[in-house]
Amino acid sequence: MVDKTLKTCEEAVAGVFDGASIMLGGFGDPGLPGMLLEALRKKGLKNLWIIHNGAGQGDSCLGGLMGDGAVRKLTCSFPSHPGNEAFAQRYMRGEIELEIVPQGTLAERIRSAGSGLGGFFTPTGAGTELAKGKETRMINGREHVFEMPLSADFAFVRAYQGDRLGNLTFRMAMRNFNVPMCTAGNVTVAEVDELLPAGQIDPADVHVPGIFVDHVVHVARHPVLAAVQKVGR
Amino acid sequence: MVDKTLKTCEEAVAGVFDGASIMLGGFGDPGLPGMLLEALRKKGLKNLWIIHNGAGQGDSCLGGLMGDGAVRKLTCSFPSHPGNEAFAQRYMRGEIELEIVPQGTLAERIRSAGSGLGGFFTPTGAGTELAKGKETRMINGREHVFEMPLSADFAFVRAYQGDRLGNLTFRMAMRNFNVPMCTAGNVTVAEVDELLPAGQIDPADVHVPGIFVDHVVHVARHPVLAAVQKVGR
Amino acid sequence: MLTRDGIAYRVACELSEGSYVNLGIGIPTLVGDYLPKGKDIFLHSENGILGMGPAPEPGKEDIDLINAGKQYVTMLPGGSFFDHPTSFSMIRGGHLSHAILGAFEVAANGDMANWRTPGEKVPGVGGAMDLAFGVKNVWVTMTHVTNKGKPKILKQCSLPLTAPRCVKRIYTDLALIDVTPEGLVLREVAPGVDAAAVQAKTEAPLKIAPDCKEMDVPAKFVAASVAR
Amino acid sequence: MLTRDGIAYRVACELSEGSYVNLGIGIPTLVGDYLPKGKDIFLHSENGILGMGPAPEPGKEDIDLINAGKQYVTMLPGGSFFDHPTSFSMIRGGHLSHAILGAFEVAANGDMANWRTPGEKVPGVGGAMDLAFGVKNVWVTMTHVTNKGKPKILKQCSLPLTAPRCVKRIYTDLALIDVTPEGLVLREVAPGVDAAAVQAKTEAPLKIAPDCKEMDVPAKFVAASVAR
């Protein structure tokens, strides 16, 4: 019997190594794998390459990992959110490399990798600072920028329901980057609100088929992420 | 109030013109827009460019359109199925241009167009007859073929549920090409099994958001497609 | 001149039935408060939502339902949830009818700068470029001049561009200006403001539309003109 | 030698728990009938299905549930439905562990031809190339020789390739052969067949594995060796 469940987040992050590339799902709080992040922090790793929409906030979850000095490089679309001090301070000191990618391009690069493609042309960014040094091409009369696929050693996401086969569902705005990231991590781990017996999720309701998921951990949400936040967090 | 419903398939195909490019959803019978196809046949159009997985079977639906001599070009992955005589005869007489595209590449080209992208590199087909004349490139140590986006004047699909806002759901294997085709037709029409009041489809259950759909027609399935077929149809 | 809410109100009046609209942060978000009643207008958010409704009442927030500005939102009947790739397929693929965005600078040819600020600590683009490049009608809402009184509508942008030639229309506290192939066209002036005053605060030259008129907005949206 | 079902049985024995498998048309489809009991093995179909079960009983077919061969199928608990782009993300992205495919020709270096036939009226590729290029383990099942007795395992393919260097293993009615960087390695021979007989019907040279043995299959899967 296939059983992709693990008992703890600690087990799920056991294989993460210094210098690993890690996709972190979520956009704002929904879908952010807070408990996997806290387990990761306990390992005291260095030189991580984090791929995420933002740069973390406050002193827990990704903000905590940033504050720990565990991150060497960040690939993201929007690291400029209030509360990003842990990242901002180290970035300004030149301790973290920053790769800014337009949000749609970031999502598509991840999907491209997970889909076994070799990259794509997008109009987004053509003629701007973010296209500098990139190949461009006129396609159907419009300038496009070539963007490469983006994969990672690990992908961590938070889902709503999961089962032992790795099938996942997401509530409301939890899907965001989590769906493509599940396809693009060499090892993909989902922490879930509910663990259901295989077959309880209707085949039509599966948002991420189990083939894309390696491990499922049933654990309550990170307390910071489980609470209603002040507006704009 | 937005109301994308139309009473008849005849209204839905009223704008189709000689020489139009038309995406037809479905893979086998599930998701094939049989009633829209029959309405289309009644118009007696010429020089259509059909984009579909196959070449049609028998003498109804796409097979009928082929037999009518309405088709100038077919872009598809597998026109070789038994029952394709209407297409095969005209193809062998040189009356229909055939563009064979690997099935995954066909789906991705359609998605690429609907997503506003300018094409992509795929390993599929590199070094084969189907890559002849196409740009190739080594990416991450592997040869890739460049494939262009594929859009159409019209996209016709069969869905399970629909509402006046154009939201669609599909039963089981009905999703297939229908999801990307809905994004890539300049005018997209869905014939549906059930027409529901707006709000009856849970936001998490929508397979194609209404933004991609122009018209919805509530009509019983084409009788040939509503019946269990002999194996291998 | 208009209040911030007045700018949002004026924009909202122009949104017709069946519009698919992405609202940026700041004044654009306020547009949601003034959408014409009884019309189906669909609000989109980058993080995978179509069909958002108003903000929830305090205490009714759902932690899994936020917009791209990280504000709690609600859903209207007929909405949908989807993932980031699909959300940006809508944006880049030209499926949205309108993006209402804030900006630091707009140039006469429609160039827009709204992502990098002078003196910023950390740059960040988010979905701004995808919206600016992908959406059919990019409308900018902003105050006509900076806090220091400098024009934001320029002959040429000085800040790094978000996208070239993307803006179709500009709504400010002073005016409604169309970006056309022939240059900027002043279509409406705010109550208490005349065309000369608008031009005085605009670096790029304005053509005055033959039917240029004063905006029709309720008095509550009109602020005393402040000398800047 | 093995029957067609025997070839399918031998393949099925090699599928381990947790395999994600796409079965082509013909002998590969028969593999589904011999999957090891009690193991979770997930069958994938190009048209957006993961977790297929056996064929439905007559009268229990669902018209919306077919596989890529247009046969009615059923679902096992824990399956899922998805669209074509996602289905081919699984295929091209290397997420499937096995593609079991029929072939007309396989070359010593793993080149495979299974889409164009001599004398075909209409060519068609379907998902064959995506599978051959994308799946980690491409296993070919076929009769060892053509109806006319000609070898199908060749020094070089004569038909247009589906994909170069894609085949990892070949299962025929006569043998189990691995494609390795050092060439073809004969791992098993069918009951009643010896290595020399296999080589005689194989154009490409075979290395005989040190532990080459006779296949362990039930007698019902063994056919009388027919001289061809």
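The chains carry the letters A, B, C and D, assigned in the order they are written, with residues numbered from 1 in each.
We adopt the following convention: a residue touches a chain if its C-beta (ideal position, glycine included) is under 8 Å from a C-beta of that chain, and two chains touch if they have at least 3 such contacts.
Computed from a prediction, not measured in an experiment: that's the story for all the values here.
Looking at chain B and chain C, the chains that touch each of them are A. With every chain reduced to the mean of its CA atoms, the largest distance from chain B is reached by C. Chain B and chain D have Cα centroids separated by 30 Å. Separating the centre of chain C from that of chain D, both taken as means of CA atoms, is a distance of 57 Å. Distance between chain A and chain B, defined via averaged C-alpha coordinates, is recorded as 33 Å. Residue positions of chain B touching 2 or more other chains: 108, 111, 115-117, 122-123, 170-172, 203-204. Across the assembly, chain D contributes residues 81-82, 85, 88, 91-92, 134 that each touch 2 or more other chains. In this structure, the chains touch in the following pairs: A-B, A-C, A-D, B-C, B-D.
Residue ranges on chain A touching chain B, taken from their complex, read 108, 112, 115-123, 137, 139-140, 142, 144, 148-149, 169-172, 203-205. Chain B makes touch with chain C in their complex at residues 1-2, 111, 113-117, 163, 165, 167, 183, 198-199, 201, 203-204, 206, 209-212. Across the complex, chain A is touched by residues 45-49, 61-66, 68-72, 81-85, 87-88, 91-92, 116, 120-130, 133-134, 160-164 of chain C. Contact residues of chain D toward chain A in the complex are 17-18, 20, 38, 40, 42, 44, 50-51, 75-82, 85-86, 88-96, 134. Residues of chain A touching chain C in their complex: 27-30, 55, 76-81, 84, 87-88, 91-92, 98, 100-105, 107-108, 111, 122-130, 160, 170-180, 207, 225-229, 231-233.
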